[in-house]
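Mind having a look at this structure? Questions to follow.
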Amino acid sequence: MSKNEVAIIMGSDSDLIIMKDAAEILENFDISYDLTIVSAHRTPERMMQYALEAAKKGIKVIIAGAGGAAHLPGMIASLTYLPVIGVPIKGNSLDGLDSLLSIVQMPPGVPVATVAINGGKNAAILACQILGIQNNTISEKIEKYKIQLKNKVLSKASKLEKSGWKGYLA
Amino acid sequence: MSKNEVAIIMGSDSDLIIMKDAAEILENFDISYDLTIVSAHRTPERMMQYALEAAKKGIKVIIAGAGGAAHLPGMIASLTYLPVIGVPIKGNSLDGLDSLLSIVQMPPGVPVATVAINGGKNAAILACQILGIQNNTISEKIEKYKIQLKNKVLSKASKLEKSGWKGYLA
Amino acid sequence: MSKNEVAIIMGSDSDLIIMKDAAEILENFDISYDLTIVSAHRTPERMMQYALEAAKKGIKVIIAGAGGAAHLPGMIASLTYLPVIGVPIKGNSLDGLDSLLSIVQMPPGVPVATVAINGGKNAAILACQILGIQNNTISEKIEKYKIQLKNKVLSKASKLEKSGWKGYLA
Amino acid sequence: MSKNEVAIIMGSDSDLIIMKDAAEILENFDISYDLTIVSAHRTPERMMQYALEAAKKGIKVIIAGAGGAAHLPGMIASLTYLPVIGVPIKGNSLDGLDSLLSIVQMPPGVPVATVAINGGKNAAILACQILGIQNNTISEKIEKYKIQLKNKVLSKASKLEKSGWKGYLA
Amino acid sequence: MSKNEVAIIMGSDSDLIIMKDAAEILENFDISYDLTIVSAHRTPERMMQYALEAAKKGIKVIIAGAGGAAHLPGMIASLTYLPVIGVPIKGNSLDGLDSLLSIVQMPPGVPVATVAINGGKNAAILACQILGIQNNTISEKIEKYKIQLKNKVLSKASKLEKSGWKGYLA
Amino acid sequence: MSKNEVAIIMGSDSDLIIMKDAAEILENFDISYDLTIVSAHRTPERMMQYALEAAKKGIKVIIAGAGGAAHLPGMIASLTYLPVIGVPIKGNSLDGLDSLLSIVQMPPGVPVATVAINGGKNAAILACQILGIQNNTISEKIEKYKIQLKNKVLSKASKLEKSGWKGYLA
Amino acid sequence: MSKNEVAIIMGSDSDLIIMKDAAEILENFDISYDLTIVSAHRTPERMMQYALEAAKKGIKVIIAGAGGAAHLPGMIASLTYLPVIGVPIKGNSLDGLDSLLSIVQMPPGVPVATVAINGGKNAAILACQILGIQNNTISEKIEKYKIQLKNKVLSKASKLEKSGWKGYLA
Amino acid sequence: MSKNEVAIIMGSDSDLIIMKDAAEILENFDISYDLTIVSAHRTPERMMQYALEAAKKGIKVIIAGAGGAAHLPGMIASLTYLPVIGVPIKGNSLDGLDSLLSIVQMPPGVPVATVAINGGKNAAILACQILGIQNNTISEKIEKYKIQLKNKVLSKASKLEKSGWKGYLA
């Protein structure tokens, strides 16, 4: 039985360039994760099996990324009581609007927690926030992470204020 | 075993007001059909079973209507080698764009034959055209139907030409 | 100190007609909740205070609904390490697209778990799924709820199959 | 008389880079096909003649690709009782939305089976599914094709699970 | 042989409620016109014949209105050297965007002079402007019409300035 | 010579139902204003004259509302050095997107301060903020107005917290 | 006094790369033309003067191209009784939708004959069609031009039919 | 205490490439300015403090640029009675539509003066226009700037008229 609490799945290996951002965040937060490809349209049985077994394996949150007519997050959500986070992946046309609407506009009863287009990183942070509800270690790390974000901005702000825009861009 | 060659399925009974147009066309063409509700998100196992058994039951074309994040047509298509016709249903927001994109933007390998938003009637005509390939009785009916469409237009055109717009609208 | 685990907040009382769907779900799941109005643009200090105190009060998930340039969910998310669920509310123009994009397109580091436009009900179900991770009573209720959804569909499907569309619509 | 069962037509030779994907699929499925350019706007008489003769030549399915104000698929559909598959081609502006809407939003009576933007491959697979209704050789090939798609995903999934994302991307 | 210089055609009699605005303007300008229904999709041969004969009958400008996947204006334009004015008609979904894009995004070589969604009146004024190039009586009427428009605005402006908004709206 | 510091102009008297919101706000802030109709397309000379004379008359801020291809705000801005506030008015199609883009997407050198679709009220508040820069009486009124807004929210929040959603909606 | 019958104007010299397509067509049709820059927002007086004098100079059709909040075509149309053809120019954001809507959605009374985004070539062909109403030499040239377009397609079609797609693309 | 009358703030240093255009304009107009980074989502307390102190420091106009779910301009506006100018920054998806709608669609009571997508330059010109109300030196500079804009167009127009498009583009 897996000890991983988060699953990161994607519809195609072409989505990995975005979904790796989720993996990196989880590594930074010392949260072990499953990472694999599950295609709603090419491996529907595998998808069903994956969704039905996830909770039994100990998974607590599922992150699913997909592009175009992105059905993976919503179908996973239909098959599990676990929270599912959906990442719309931008494809070659329509600038990501198709995957965003395919993921977010779920019918009553089956939500998908949708993040921004190509928002792999945010999907993982959201997963950490969810796990952090019952785990102080994680919630403290989120607080630290937020402080880091703040400090990076403050540092850049300070540099910009000192050097002006010409110096900053140079 | 069913003798029906066409299946009409929809994600919710609220879609019936549109999908009945498909049923009516098939009745007009003397094509018997299955008609039921199969929700991708509320009855995923039923959906899988329905899709996997459709060909065995003798179904040759599946018409699937759904709204919002409309996954039913694409998921059915992922589970059968039969042609699947998708009907985007307009919901309470975004004017049908969400269901259209969720149905039509399928990835390589798994097409859905998408018709217009709320196009239940056209879905059935397309099904008849597909069945008509191997069935002269049906293809002749399509030709007759097209002649009827033409004659209706000609008759209205004639009336408009004679009575002018004021008379026509009166 | 509040014993409520979920907070439902909204930018305006005109959003209540949607956000009450979230309250109803939580009541059905026997989860007590805070319910109030917090306007990002009219009561920014209150918003800040609310967000900063939520975790201390025992809140574990925050549901925030807003319309138009909907800043409330994202701003709350910037001020807490708790997971924030955003509900885009459809307004008088642009069919909800403005609030959807204002909520979902958050920058890296600060996710909002966005649900469908006017998806108050789904926001609450997602909150239950999140709480259910650590609470078997809740996760079992979700499973039962999903079975109810399934049974409603099966019952309607059965009725439609028996009565045909004319009978069903009559 | 042609023995080809599928026709692939396009509005301009600039569409060939997409429509060749349809030709390749048909070749893989050992289905012979017509391939030519038929412009609705530059060769309307040719278009009319092509559509009216297609069935007589033995064509059973017509695949038509076009961009911008894409009228070719719908006009062909108006002139034949054969099923017509439309491929919206993405042009230099509006990201393919113009051709998608010009093709899919057909009025009652004259459907076009629309596939994804730039979906030349899927158009051909859909044509095979349609022919497969009466031809077990083809429908078996589709099943094999779907198994290949599945196996490719499984193989990539296995590789990703073993090597992790850093190894996979390296 | 017709003496009419302008033809007003539409894809369906449901478009008449908009296209009658064009007829009214032409009547006000004392320009006689053809008015009929020509469906690109239901009467393609009639459409072709109509377009090919228009110039021979003495028609100088063709106004064509259509909704959804609106092919009529562009197809007429492909079949005649006369200028064609296209009127996008708003349908039941997508708020007119589908017909606008289907009409305006014509490929190089075959323009359609597109006016606003539901712009039947403006189509006729544009036709008058075109005829006015060679006909001083018409161009003078346009100048008078523009003065009338101006005077209506000036009169309303004067009333508003005098009575204030409360008085004006009362 | 007018003593009015703000001008409220609109392209048509049909816009008055929105633009009166601007007038009401200015009345509440005791700021006298010009209110009239100036159509960019029907009274272009009047528009030019109005814009060129506004500053001389003592006007300091111009609020201009228009719908559809809304040129009034941008053209006024091209003719004066005064700040111009644009109000996109929602028309019968495209849900206000056309007027929003026609007003906000001005080229470098000629800005229009654009507010929300149908945002007549906010246009006037923005005008007050601009005048408040040099007028403490006005800026203090804005602060009071903001406190009123806040208090209304607090009062409604309090009521909702006490009565619950059922009581509040009853 | 100018002998030019067509004027080609544009809002900025950055539009020339598109608008030169109009000039080239007119040269091919031996129609002399004015070509200059007239900015609605930077040179409003020049724009007004240009529009008011165009008819007096002998201009019969005005082609106006502009991007973003594209006001030039509509403002010119408001100032002359000549037909005005608008060319939406695609800018750096929104893929040309802003300029399309700013040009086409004109209010009743003041039409702009809008062509496709970046459709400089079609604007000139439309101008020729308009001039061709009273000039057989031009209308015959249009017929020849259409035959050339047809022949180019036929030649490419023939080549594609002979060489197949691999040969054609090679 | 700062003597700067304008503040230029942005959500991220990646916005600087656009927002520097605002700084350059202010420098050209000899208006001193604050320039820094204030992130609504990463430094909400700093944002609140900045907004609350701006008026006290002598700032009269705030220019705020942000991308995606762009909350900075609206939140600043909620916290000050100063006029706030919002600059939507185009990000990696949706072509700037998300930031435009997030900024412009503010609720009644809290306007943001929104300029074009990536319109950093226009934001600064608008700020100058606002300051120019009480400062003749600035308003005269705006008039001169407008004359420069006009002269540049006239000079380019003259060059194009003389050299023709081939010469101009060469």
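Labels A, B, C, D, E, F, G and H are assigned to the chains in the order they are written; within every chain, residues are numbered from 1.
Definition applied: contacts are C-beta pairs under 8 Å (C-beta built on N, C-alpha and C of every residue); 3 or more make two chains touch, one makes a residue touch a chain.
Note that the structure is predicted; figures quoted are calculated from it, not measured.
Interface equivalence for F-H, evaluated over A-C, B-C or D-G, points to A-C, where over half of the contact pairs coincide by residue number. Put simply, the C-alpha centre of subunit C and that of subunit H have 35 angstrom between them. Taking each chain's centre as the mean of its C-alpha atoms, subunit B lies 41 Å from subunit G. Centre-to-centre, using mean CA coordinates, subunit B is 34 Å away from subunit E. Within subunit B, contacts with two or more other chains are made by residues 12, 42, 68-69, 94-95, 97, 104-107, 109-110, 112, 116-117, 146, 149. The full set of touching chain pairs reads A-B, A-C, A-D, A-H, B-C, B-D, B-E, C-F, C-H, D-E, D-G, E-F, E-G, F-G, F-H, G-H. Of all residues in subunit D, those touching subunit A in their complex are 90, 95-97, 116-118, 146, 149-150, 152-154, 156-157, 160-161, 164-165, 168-169. The part of subunit F that touches subunit H in the complex is made up of residues 60-61, 81-83, 85, 100, 104-117, 119, 121-123, 125-126, 129-134, 139, 142-143, 145-146, 149.
Those residues of subunit G that touch subunit F in the complex are listed here as 11-12, 40-42, 44-45, 48, 67-69, 71, 74-75, 77-79, 91, 94, 97-99, 101-107, 109-110, 112. The touching residues of subunit E, counted against subunit B in their complex, run 12-13, 16-17, 19-20, 23, 35-39, 42-43, 46, 68-69, 92-95.
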